[in-house]
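A, B, C and D are the chain letters, set down in written order, and residue numbers restart from 1 in every chain.
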Amino acid sequence: MILRVDSVSRTFGQVQACTDVSFGVGRGEVVALLGENGAGKSTLLSIIAGFVVPDSGVVRVDGRLLEHGNPQAAIRAGIGTAFQHFSLSPELTVAESFALARVDVGEARRHLPDHIDMGTRTGDLGVPEQQQVEFVKARLLSARVMLLDEPTSLLGGTDVERVLDGIQAAADAGIACVFVTHRLREALAVADRIVVMRRGWVVERMVRSDAGWPADTERQVLAAMFGDVNAVDEPDVPRTWQSGPGVGTISVQGRVGERTRDISLQIGQVLAVAGIAGNGQEELIELLVGTTADRVRLETTGASLDLTGHRMHEWVRHNVAVVPEDRQLEGGAPAMSLGENLVLRDLAGGRLSTLGAVSRRRLRSRARGLIETWSIRPADPSVRFGSLSGGNMQRALLARSLDPLPKLLVAVRPAHGLDHRSVEMVRRELRAAADAGTAVVTVEGDLDEALAHADSIAVMYQGQLSAAVPVAHADRTALQSMTVSGWDI
Amino acid sequence: MGHLTRDIAVPLLAVLGAALIGVSLLAATGHDPLAVGEAFGRRVLLRGAGIEESAVAMGPLLIAALAAWIAARVGLWNIGIDGQVIAGAIAAATLAPFLDTWPRESMWVAVTVVAIVAGALWALLPALLRAHAGINEIVTTIMMTYVAFSLGSWLVEGPLRDEALVTPVTVAIDVGRRLPRVFDTRIHLGVAAAVVIVLLTAAAARWTSPGILSRLVGESAPAAHRLGLPVERYVVVAFLVSGGVAALAGVAEVLATRGAVQGDWRPVLTLPAFAALFLARQNVLALLPAAFLLGMLAYASTVLPRATDLAPDFFPMLEGVLLILLAVERWQRPERAQAPAERSI
Amino acid sequence: MNVLETLLQASVLAAVPLMLAAVGEAIGQRSGLLNLGVEGVMLAGALVAFIAVETSGSFLAGLAAGALVGAVVGLLFGVASARMAASQIVLGLGIALAGQGATGFFFRERYGLTQPLLEPGMSRPISDLSEVAVVGPALFGHKWFVYAAWAGVFLIAATLRFTRAGLLLTATGDAPFATEAAGVDVTRVRVAAATAGQALAGLGGAALSIVEVGFFAPGMTVGIGFIAIALAMVGRQDPLRIALLALAFGVLRGLGPAIQLTEWRVRVEFLDMIPYIGVLVLVVVLGRRVRLPAALGVAYHREARP
Amino acid sequence: APAAQTEVDRAAIVTPGSRSNEGWDQQGVDALVAIGEERGIEVDVVENAGYDDITPILRDLAADGADLIICHASGYQTVCPEFAEREGVPVVVTENPEAVTEGLVSDVETEAQEVAYLAGVMAALETSTGTVAVVASGEPPTWNYMTAGFAAGAKDTDPSVEVLYSVIGEAAYDDAPNARRTTETVIAAGADVIFGMGDGASFGMIQAIREHNAAVSQDEEVRFIDVIGDKSDSDVADFLLTSVLFDYTGAYNTFIDNLESGDFGSIYTMDLENEGVWLLEPPIEVSEETIEQVEAAEQAILEGEIDVPAIAEADELADFLEDLPEGDA
C-alpha cells in the first residue's frame, strides 16, 4: 500500500464529516470514492492533502506518517490533489500556476488541450478549462499519490476522456489514485476498487474482478450511497402535475451576451436554465432580478405593469426573490441570527415595519412561524445563521423567499448539496410556488435535476441563451450536447 | 465562554495587559510605577475634577468612535474622521457669528445642522469613489484629512479670522451663548448629547429596518444585493452619516469647548476612535464605557506628565499597546477556524 | 546650484524615506497583509537609527539599526496577523499609535531636554558629475545612500518581476489557498513579507532622521507613513510605479518653497495641499484600475476554503 | 474693586510644544524656572500641551495651588481668560490685550520687530551675495512681526539687498525635513544670511546650513540668525551671526510683583527698551563697522527716530514685503 488512511475522524460542530474512515490504495491502483452530497468525500481528501486536521486517526504514505494540517508536507510526500473548487490563483497565468507548484511547464503544456493558452490568466479561463488545468497540476504534482475531487464535473466528451486517460496513465506509472465522482459510469470505467461513504462512514467496499464489475454493481453502489434501495429505484419525485397554460407572463428585457433579449417567463411555470457554470449564468441572474434589465413588463389576466429606470429597484424588492447558489455568502449574514436572516426579505420589502420602525417581538414571532412551517433545525431563532447545516440554511432561504410568494422566483441550483429528502422538498416547493402564481426560474448545472423539476428547459452556453423547450419534448442527449458545445442558431 | 462574558472579559484583560506592560516599562526606565499609579488614582479617579474632565474628554472620543462604528456597520473604514471634524468645526464657526441676533437655542440647531452637512460633504468624495468606482476608502479619507487641515488653516487665517485678535482664530461665541453645562460641572450639553446620540443609534440599529438591513450590507454585501437592497446607496448614506456624526465633535469645539476654531488646532481623534471601537468589540452601546476609559487616559495624559515627570507620549503608547493586545486577543488556531472569514477591507 | 536644481535635488532626497516605506508596505500588501502602522514603524526606525549613529558614529550602523527595528516590528506583525489571525487593521492602528508614543517617550527618556544633532558625514560619491545643468545635482549630487536606496528599489522590482519570490507574493496575496495547494507555506511567505517590508519602512525612517535631516524629533515623520500606505495602493504594489509616485510627491512638496520665491502670491496652505490633492486626482483618474490583492486584509484560515 | 494682594508661592506655565526646543517654549519655561529658584517659588511646568482645550490642565494646576498660571501661547488666548473668569485664578496670556482684566488676566506682548530690525541691519551689512532670506515655520503673529522688522531693517540699510521670504508650511513647527528643504532652496537662490524662525523646525534649517557650509569654501559659507533661544554655546555657534533673544524674566517678575502688590491685570510689552527682547552679540567675527551701524540703529529706535512697522497678519505682511523696493540680486 502506498497510501494508508487509518481510523480518521473529523467533526464540524455536530456534524460528523468523517468517522473512523480507513482504507488503502496500492501501487498503480485506482480507488473510486463515491457518496452522496455531504458524505464526507472532500473532507477526507482534504485531510490527506493536509488542509483539514483530523480529530483522530493517521495517514501514511509509503509507511511513513504524514503530518496533519501541513499541505507542504503532503506535497513533499508526493501527494498531488485536484480540488473540487480548484486551487488556482486567478491573477497568475497558466504557466505561472504550474511554476508556482514547481511543475515542469513544458510537460504541463503537453497534457493540456491545445486551445488553452499558457499565457492566459487562469481567472480569464472558462471554468471547464480551469478544471483541466487543475487536473494537470495535480497529475504532475503526484509522485506517489493522486487525489482527484470531481475532476470531470464540468467537462464533457473528449475532455472527460482525456482526464480518464490521464488517470489510467498515472496508475500505469505506479501512482496510487483516489477518484471522487458523482458519475458512476466514469468510476466504473477506471476504478479497480470502489469505496462508498455515507454520513461520514465508509459503508461499502467493492473490488473489480478480472472479468470486470458485476452486473448489479451500479445498483449496489446507489443503495450504499443513499442507504435506501427504494429511493434509488425512483430518485425523482413523480411528476404528478400537468403543465397548464400560463396565466400571465413576466418579460424581462436586457442584454444577454452581445444581444438584447426579451426573456418571457410564464407565471405558473418552472423554467430551468441548464448549462455548465461559467457560461454567463451570473449575468443572466443579474438581468432576471432586474439589476441590469432595461425594462420589466408584467401581464396577467387582471393587470399589466411596465417598469423602467429606478422603479425597477422597487420591483425587485417587492416582487422578486432569489435563492442564491452560495448560501453562506450570498444568502444571508452568517454572523447574524437565524431569526434576523429569516426576516431580511420582509424588511427589505417594507413589511413588518411601520415607518421604518420594527418590533422585535413581531420579528421573532414571524421567524418562529417560518421555522415551524419549514421545520428548520435548530428551531431557535437566536442561533448564528452561519452555524446552520447546509440543508437547514437552504430551508431558511426557501422559507424566506417563498413566504410571501414573489411574482418571480430565481433559484440557483436549489437542490445543490442536499440529501435526497431535502431535494424532494425543494422540488415540491418550487412546484407549489408555480402553482400558486409565481414565475419560477432555476439556474441548474445538473441536467437531470433540471429535467426533474422544470416545465421547460433552456440552455446557456458561452453567454447565449437557447430557446426554451418543454420538458415533455426534451431530448436529454441533445440538451447535454448543447451544454458542452452549443447549438446552431 | 458565553458571548457576553467574553465581550466583557476580553477588553478587561486587554486593559489589564496594557497596564502591566506600562508598569514594566516604567520600572525598566527607572520610574516608580507605584508613584505613577498613585498619581493616577489621586488625580484621575479620586478627584471630582478627574472624573468630570474624563467625561468631558470622552465627548469628542465618543462621537468619533460612533462615526467609526457607523462606517464599519456597512463594512467601511473611515480613517478620515479628523478631516470631517475640522469640516464641521469650520462650518460651525463660519455660521455662528452671523446668527448673533438669534435666540441661542435656534443658533445651536442651525449651526449643528449646517456642520453636519459640512462633515457629510467632506465624506462624500470617498463615499462615491468607494461605492461607484470601488476605490478603497482608506486612501481617500487619509488624503481628505490633510486637505481639510490645510483648507481649514487657510480659512481661519484668512476669511474667518477675528480681526480684533492677533492670533488666527475665528470669531468666538460668547460664553453666555455656548452650550450650557450640566449641574455646574465642566460637562457640557454636548457630552450629554453624544451619549444620547449613541443610545439613539443603538436603538435605530436594533429597532428600525434600515438599521437591521445596514448590518447585512456590512456583513455580506452580495446577500444584500440579492435581496434587492441598493447596496451602493447604503454605503454612501452610511458614510455620509458617519462624516456628519464626526462633524459633531467639531460643533462641540465651537459651541461648547472653545467657542471658536483655533488656527493651529489639529484634532487627533481617528486613532483613539478606533481604539474605542475595538475596545467595545464593535458593540455600539459598549462604546460608552470604552470611550470613557479612553477619556480617562486622555485626561491622564494631560495631567500626569507634570505630576510624575513622565513624557506625555507614555499614554498614547499605552493606547497603542492596548489596541495591539485587542488585535491579538482574537487569536485562534487558524487551521481550526469555525468563524466566517473576516470581513474584507 | 540654482533654485531649480536644488528643488529637484531636494525632491529626490525627500522621496527616499517615502519611497522605501511605500515599497516596504507594498511588499506586505502583495502578500495580503495591510499594515496601517507604517508611521509608527518609521518613527521607531528613525529614533533607533539616530541613537545608533549618535553613539557609534557610523551611518551604516544607523541604517542597519533602523532596518532591524523595522524587521522586528514586521516580524511581530506578520506572526500575529498571519499565524495568529489577528485583525490586521487593529494591529496596524495599534502599531501606529504605539510607535508614535514609544518613540516620543524613549527619546525623552534618553535625551531629556537636549536636542543633539548629527555631524553631516555621509559621502557623496559622484558629486563631481553634478556640474551638469538642471538635473546634475538631482542625479549626481547625493549622498551614497540615495543611490543605494534607488538601486535597492530596482533590485526589489526585478526580484518581484523575475524571480520565484515575486510569484509567491502575488499568489499569496491573491489566493492563499491555491498557494498552499501548490506546496507553499502561506504563513511563512506572509511573515517574511511583513518582516522584509517593514524593515524597509524602518530603513525609510532611518533615512529620514540620519540621512535627510541629521537628527531625531518626536513626530518628525509628519504623516509620511500614512502617505506610504496610500502610495503603495495607488502604485498597485509595483516598486517602480511607487518610486515614481514618491518622486512626484517629493517634487510637489518641494514646489512650495520654490513657488514662494517667485512673484506669485500663493498662500502656503494651498501649497501644502498640492500633493494630497495630486494623490486624490490620481486615484480618481485610475479609478477601478487601483486593484488590490484579493486577499488583502483577510486572515487566511486553512480549513475555511476547500 | 482693587484686586486683592496675593502671596505667590506657586506659579505654573503651560506651553504648546516641547520645553527642549531651544525656542519659544523653552524660553518661557526657562525664565519661570529661573525666577522660581531666585524667588523661592515652586514652579509647575506643563509642556507639549498642544492646541487642544487646555482647561483640564489649568484646573489641575489650580487644584495643586498655583497662584499664577502663564499660558504661554497666543493659541491659549481665549481659553485662559475664560478659565480665570470662572475659577478666579490669575493667568497671563500672550498677545491678547483685550482680555486684560483687573486682578485676573495680564497680557504679555513682544515687540520683537525692533530687534529683528537690528538683525536685518546686520544681515544687510554682512551679506556678500546681496541676498538674505527669512525662513519661517508658519505665519503666527510672533513670526510675522519679526519678518517685517527684519525686512525693513535690511532694506533701510541697503535698498539693493534682496530679501527672500519662505514659509515651510502652515503650523510646520516640527516639520524638520521640510524646513531643511526650504532652507536649501533659499540658499540656492543666493541667500547667505538666513533669518530662521522655527522652534523644532529650526534644527532642519541649521542642518541644511551646516551641510552647505561643510561643502563650500569659507567665503561662501551661509550664516544663520536665530530667534528666541540662545544657541551660542552649541554646534551652531560656528555660523550663528546673531539671535533675536526673548527674555521673559522681566515680564514674569513684573506680573508676580503686581500680583503680590494687588496690581495684577496689565499689559507688559517686551521690547528693546526693557530688554525683554535683545540682540545677541555675534558669536562669530563681525566687522567693527557693522557693530557700530547696528548700535546706531538701536539708538535711533530708542530715540524714536526709526519707526519699525508692527505687522501681525500674514496677508498684510505679504503686502508689505511686496511693496518693499526691488533688490538687485
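Just so we're on the same page, a contact is a pair of C-beta atoms (placed from the backbone, for glycine too) under 8 Å apart; a residue touches a chain by one contact, two chains touch by 3 or more.
Everything numeric here is computed off the predicted structure, so don't read it as measured data.
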| item | value |
| --- | --- |
| Interface ranked first by C-beta contact pairs | B-C |
| Distance from the mean Cα position of chain D to that of chain B, given in whole angstrom | 36 |
| Distance from chain C to chain B - Cα centre to Cα centre, in angstrom | 28 |
| Centroid spacing, where centroids are CA-atom means, of chain A and chain C in whole angstrom | 46 |
| Contacts with two or more other chains, residues of chain C listed in rising order | 218, 267, 269, 272, 302-303 |
| Residues within chain B bordering two or more other chains | 150, 153-154, 157-158, 312, 335-336, 339-340 |
| Residues of chain D whose C-beta touches two or more other chains | 139, 170, 314 |
| Full enumeration of touching chain pairs | A-B, A-C, B-C, B-D, C-D |
| Complex contacts: residues of chain A adjacent to chain B | 12-13, 52-53, 69, 289-291, 313, 316-317, 320, 322, 324, 326, 328-336, 340, 344-345, 347-350, 352-353, 356-360, 386 |
| Touching residues (chain side chain C, partner chain D) in the complex | 1-3, 5-7, 9-11, 14, 17, 111-115, 117, 120, 208, 212-215, 217-220, 222, 253-254, 256-258, 260-261, 265, 267-269, 271-272 |
| Contact set on chain D toward chain B in their complex | 16, 44-57, 59-61, 63, 74-75, 77-79, 82, 85, 95-96, 98, 138-141, 170-171, 312-315 |
| Chain B to chain A touching residues, read off their complex | 206-210, 212-213, 215-216, 219-220, 222-223, 225-230, 335-336, 338-340 |
| Residues of chain B touching chain C in the complex | 29, 77, 79, 125, 129, 133-136, 138-140, 142-144, 146-147, 150-151, 153-154, 157-158, 271, 274-275, 278, 310-332, 334-337, 339-342, 344-345 |
